[in-house]
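Below are two complexes that have chain A in common, paired first with chain B and then with chain C.
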Partner chain A sequence: MEYYFGILQNIGFHTLLGLSAYLLLLTGQLSMAQVGFFAIGAYASGILTVIYGINIFLALGVGALIASFFAFLVGFPALRIKGLMLVIATIAFSEIVRLYFFNLRWLVEKNGVEVGPDGAQGFREIRYFAANGWEPYHIVSFIWIVVILVLFALWWLDRVKAGSVLRAVGEDELAAQSSGINLTVVKVSAMTGGGFIAGIAGGLYAHSTTYVDHNSFTILLATFAVAYPILGGLKNVFGTLFAVIFIQGILIEGLRFLGDYRNLLFGLLIILVMNFYPKGLINIPLFNWSKLVKRRDI
Partner chain B sequence: MISKIKSLKLAALAFATVIAGGAVADTIKIAGWGAKSGPLRSFGVNSEAIIKAAIDRVNENGGVKLADGSMAKMSYDYYDSACNAEQGIAIARKVASETNALIGIGPTCSGVAAASFGVFQKKVGDSSDTGLQMPLLTDTAVRNGLAKISQWTFRNTPNEPDMYDKLFAWIAKTNPEIKTIYGGTETNQGHSAGTYSKVIVQAAVRHGFEWVNGPIDEVSGKIGSGFKNVLSSSSNWLMEDTNFSVQARAFKKSGADLFIVSSHPFTTCGFLKELSRMKGMPKMMVGLTSSSSAEVMKGCPKQAEGMIIPTSFAPITAAAKEVAALAAANGGSADLHSAAAWENVMIIKDVIEAVGITGDPSKVKEERAKMRDGLEALETTEGLIGKVTRVQDEGEALKPFVFVHAKNGNWEVLHDPRK
Partner chain C sequence: MLQIKNIGKNFGGVKAVDDLSFNVEKGEIVGLIGPNGSGKSTTINLICGVFPVDLGSISVDNQNISRLPTHERVASGISRTFQNIRLFKDLSVWQNVWVALQQDSIQSAGWMQEWFGNSKFQKEKIKEILVFSGLGSRFNDLAGNLSFGEQRRLELARAIASKPKLILLDEPAAGMNSDEVADLRQRILDLKKLGLTVLLVEHVMELVMNVVDRIVVLNFGKKIAEGSPENIQNNEDVQKAYLGGA
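The block that comes next holds the complex of A and B.
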């Protein structure tokens, strides 16, 4: 079972990463910065549990808050740009973060062993779960409680006025502004919220894999983060979950024996979905997902 | 007639069941994993080819002797971990929980090893630690000090500090005209950059070679000293780079007697081609252990001519020559990384026979622990080019090695430090 629990863990934190991008996509912001927030959450919570011996719950919370603080800061300059310029700017942010951790060396001796981030050698032994007797089903349950809470929060958000405001900004900024919506508040809030979710995802990722290095946070992961909600569909939060299950569970794990051809399939899938289901996998009639999870019309 | 067919079918079914049941009981499974996709694909392909050849050899010789004296065949499954930590961990979990494999061999990349070793139980018998409990004997991931992450993980990989120490001692003795050094590495590859800045340059300094622009601050020759300054004083590149003109120009401009090129085959060749185009070749070049492979000889044999690398594999013994031939026959090539996979299979066979494995799938957990204990008890193992000493408090190996140099499109042995 441990293997399947492991896959569920992967699907869990990838879903959170996708949801962080989903929140921004609702406001029309295509952000590649999510991987930067993810990295901040991973390193911050890892440092807190490994170097300071802090409880995982607190470490994840603090890691997510630090990530959301940086997201808040990124949110302001991001207001001035959109479209491709925003993509380039957020890629630059993620690269700055990645290269910062690439150079971060913060080793502390604990029980005769040096622990902590070690530049290009990475940050090993983030073993809070195993070292504290957490069984695989404890870990997977914990991750999925977080995923469900975030899913529920975003689902609920989509059913209240705030969600309508986010979508209104995403549909037509000018019209939204004309009707009295404060773009600065909406966009910066979405960026901050997305950063918080990505920060939690990063913390869970670091503790689940027990090791992170700069290579864990490349542009490829940033692409996956935005691909999940786009591929799954923005109609509701479950599209992202569906896309993550499809990519991580089926394409990556299920088709491992295909080697490099898995990447070809991923590209092919995007082309097919964009052509036949431009509103995402969630609209595939076979599953009738959109009917299963009805969203209030706005 | 129908009943006759039915009884024949039943008999065939029963026979098949017995055969199938027997086959399960008479087969010892191992698992391997490494990069079979992505830029480091050749490493996984080579390892798998050699694991297959080694297991075929064991089976041709009758298989492996079990606790009751019977012989069992060995079989393997090889998984693609794509040099990706998440995927490496998923495979480790899959092998440990969903298969009856007694032991694993792999992975390719040091980053994957650092991550996946972390999901294994740190200390054997620690009931508060829920990490995986399955032995792993690594063939490829070579970055320093990884095996001590868990007592379940062992490595049969070369000891680079010792190799480069002896290499520079030998160069200093035999080539007194070589005095100054300069170098570079692919900084986003942990093994290349770490070995370059913490091991290779330090060994050169320790043996009296001078950095071409004057001493580097804090670099004393002690492993790891001033390694950040080593990197900032060098001309470096990234593993994904395809253009090396700036770096090659810096190397040429340095005018050093000896260049250190610490990178994997793909960028090594790119860099050397550019350096050669600029006519910037030095008197001597030293490369990273991982570049003493067939890829460099396929990609840039002329430009690599003369490059010296210490390696724990060269076809200098009958056994090593045979493994090189078998690797080629199985679609791979033998080098210091992949050849270790052959040694690992043979070590596993010896340990199975020494500790008394039954092959009973219901006892797999207990027998994995026996295998681990058996591995830990080893003091020496037979390597392809000589005896390997185990450093068991760290789960590491001290492998014999030779210095090879690129000559006429082949890696030829230049010196054997044991002689």
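The block that comes next holds the complex of A and C.
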């Protein structure tokens, strides 16, 4: 059972991370900074519960706010660059964050033990859940409630004008400006929102694994974050969820019985799917989601 | 209402627009013509703020807009269409208009309502604009699935949605057959009836000569003539510029 809970948790974090990249991709920003925001959320909320003994809900919220504040700051220079340049710049940001935490030592004695981030040794004993008697199924449910809330929020965003405006900016910036849209507001808001979602995901991740170090936040994770919405399709939020289930659930966990061949098949299947469904997994007719995801008519 | 005073724009030493001045009065339809590369599109882009002017000033109703970013110029009453159609192709027709729709200040209930609220009263306005633009039966289609002529009309609808005083049309007849040009001519005259001012950049003389009140002719970024369509047709400098004579 623990094993399946573990997979469910993992799909939960990755979905949140994918959704944070999805929000930015709607505005045409391919951001590799999501893992940086994820790391900030993880460390910030971990420090809050472990060192300051703050309640988990408050800690996750404050951690996400700190991550979104950094996203807000990243949003401004990101306005001036696009495409590959933005990819490089946001990779640089994520690496700065990772190296900062690699060097961060902030140890505090609690009940005779030293706790807190310990540089290369990582940040151990983030034990809020265990210390407060949460069962594994409590944790899984909590993560999935957050995932569903974020999924719903982004789905709803597409039903109001803000969602159309995000997509308009993503399709054609000049046409959007010429329709009276303030690009700065829209793109920086999307970056801030994406940072908030990644920050929550990071906090949940740190508390459910109880241990994070700089290796948890490499560029590989940032690559996965942008791969989910691209593989799933940007038509709506459920594409990202499908892509995470496909990669984390089916390819990584489901093919474990293949042993080493799994790694070969893994990449091949992604390439095949992208070739057959270039607009995303959401378009696979197997699950006819058209009712649920139908565009809004007037 | 639009005053252009001595504007200039260089691109790496090439004077794309050179000391250009002209005015457009309220309710007028003005044509801006000239051979390829004469600076017409650059002029439109300068008026919209796609790039800033190097010299001179652009004013709307005596308010200098030369330093404003594009979206603020839209708010001050300028909107445009593009030479190569630039719709939001993956959005539906009505969403294309929705994105550009500016609220009547009386109806507006603040930005929360506008961006995140329900859009009942906006829907009526959107439908009205689309019906006016001849897209009454295509509200819910994807913009990318429209025919060429319909896409041009949707661009016009989107331009109207931002409540402009002045509309800049950048070669709206490009690629159209003569029936479509006739329809476009009627639509431009309808804009005038609504009290809008139009600046029309166009190569299709069949349209320009039959719709505008006045013409400004550019060549090598400079104004070489200005006057009524009849005067322009008989102007020697203009004939030389178009025929390439010495």
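Quick note on the criterion: the second predicted complex is superposed on the first by the 282 of 298 C-alpha atoms of A that agree within 3 Å, B and C clash if a C-alpha of one lies under 4 Å from a C-alpha of the other, contacts with A are read in each partner's own complex, and residues count from 1 in each chain.
FYI, a contact is a pair of C-beta atoms (placed from the backbone, for glycine too) under 8 Å apart; a residue touches a chain by one contact, two chains touch by 3 or more.
Values in this document were obtained by computation on a predicted structure and should not be read as measured data.
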| item | value |
| --- | --- |
| First, second, both or neither for A:Thr209, with chain B first and chain C second | first |
| Contacts of A:Gly180 with chain B and chain C, given as first, second, both or neither | second |
| Of chain B and chain C, the chain that contacts the larger number of chain A residues | B |
| Partner chain(s) touched by A:Glu125 [first = chain B, second = chain C, both, neither] | first |
| First, second, both or neither for A:Val160, with chain B first and chain C second | second |
| Partner chain in contact with A:Phe257 - chain B first, chain C second, else both or neither | first |
| Partner chain in contact with A:Glu109 - chain B first, chain C second, else both or neither | neither |
| First (chain B), second (chain C), both or neither touched by A:Glu171 | second |
| Where chain A meets both chain C and chain B, residue numbers | none |
| Residues of chain C that touch chain A when the two form their complex | 48, 50, 69-71, 74-75, 79-80, 82, 86-92, 94-96, 98-100, 102, 114-119, 122-123, 126-127, 139-140, 158, 161-162 |
| Residue ranges of chain A in contact with chain B within the complex | 1-3, 5-7, 10, 102, 105, 120-122, 124-127, 129-136, 208-216, 252-253, 256-257, 259-260, 262-263 |
| Chain B to chain A touching residues, read off their complex | 36-38, 41, 79-80, 82, 85-87, 89-90, 93-94, 96-98, 111, 114-115, 118-119, 121-122, 128-132, 143, 149, 187-190, 193-194, 228 |
| Complex interface listing, chain A residues touching chain C | 160-162, 164-165, 167-168, 171-172, 174-183, 295-298 |
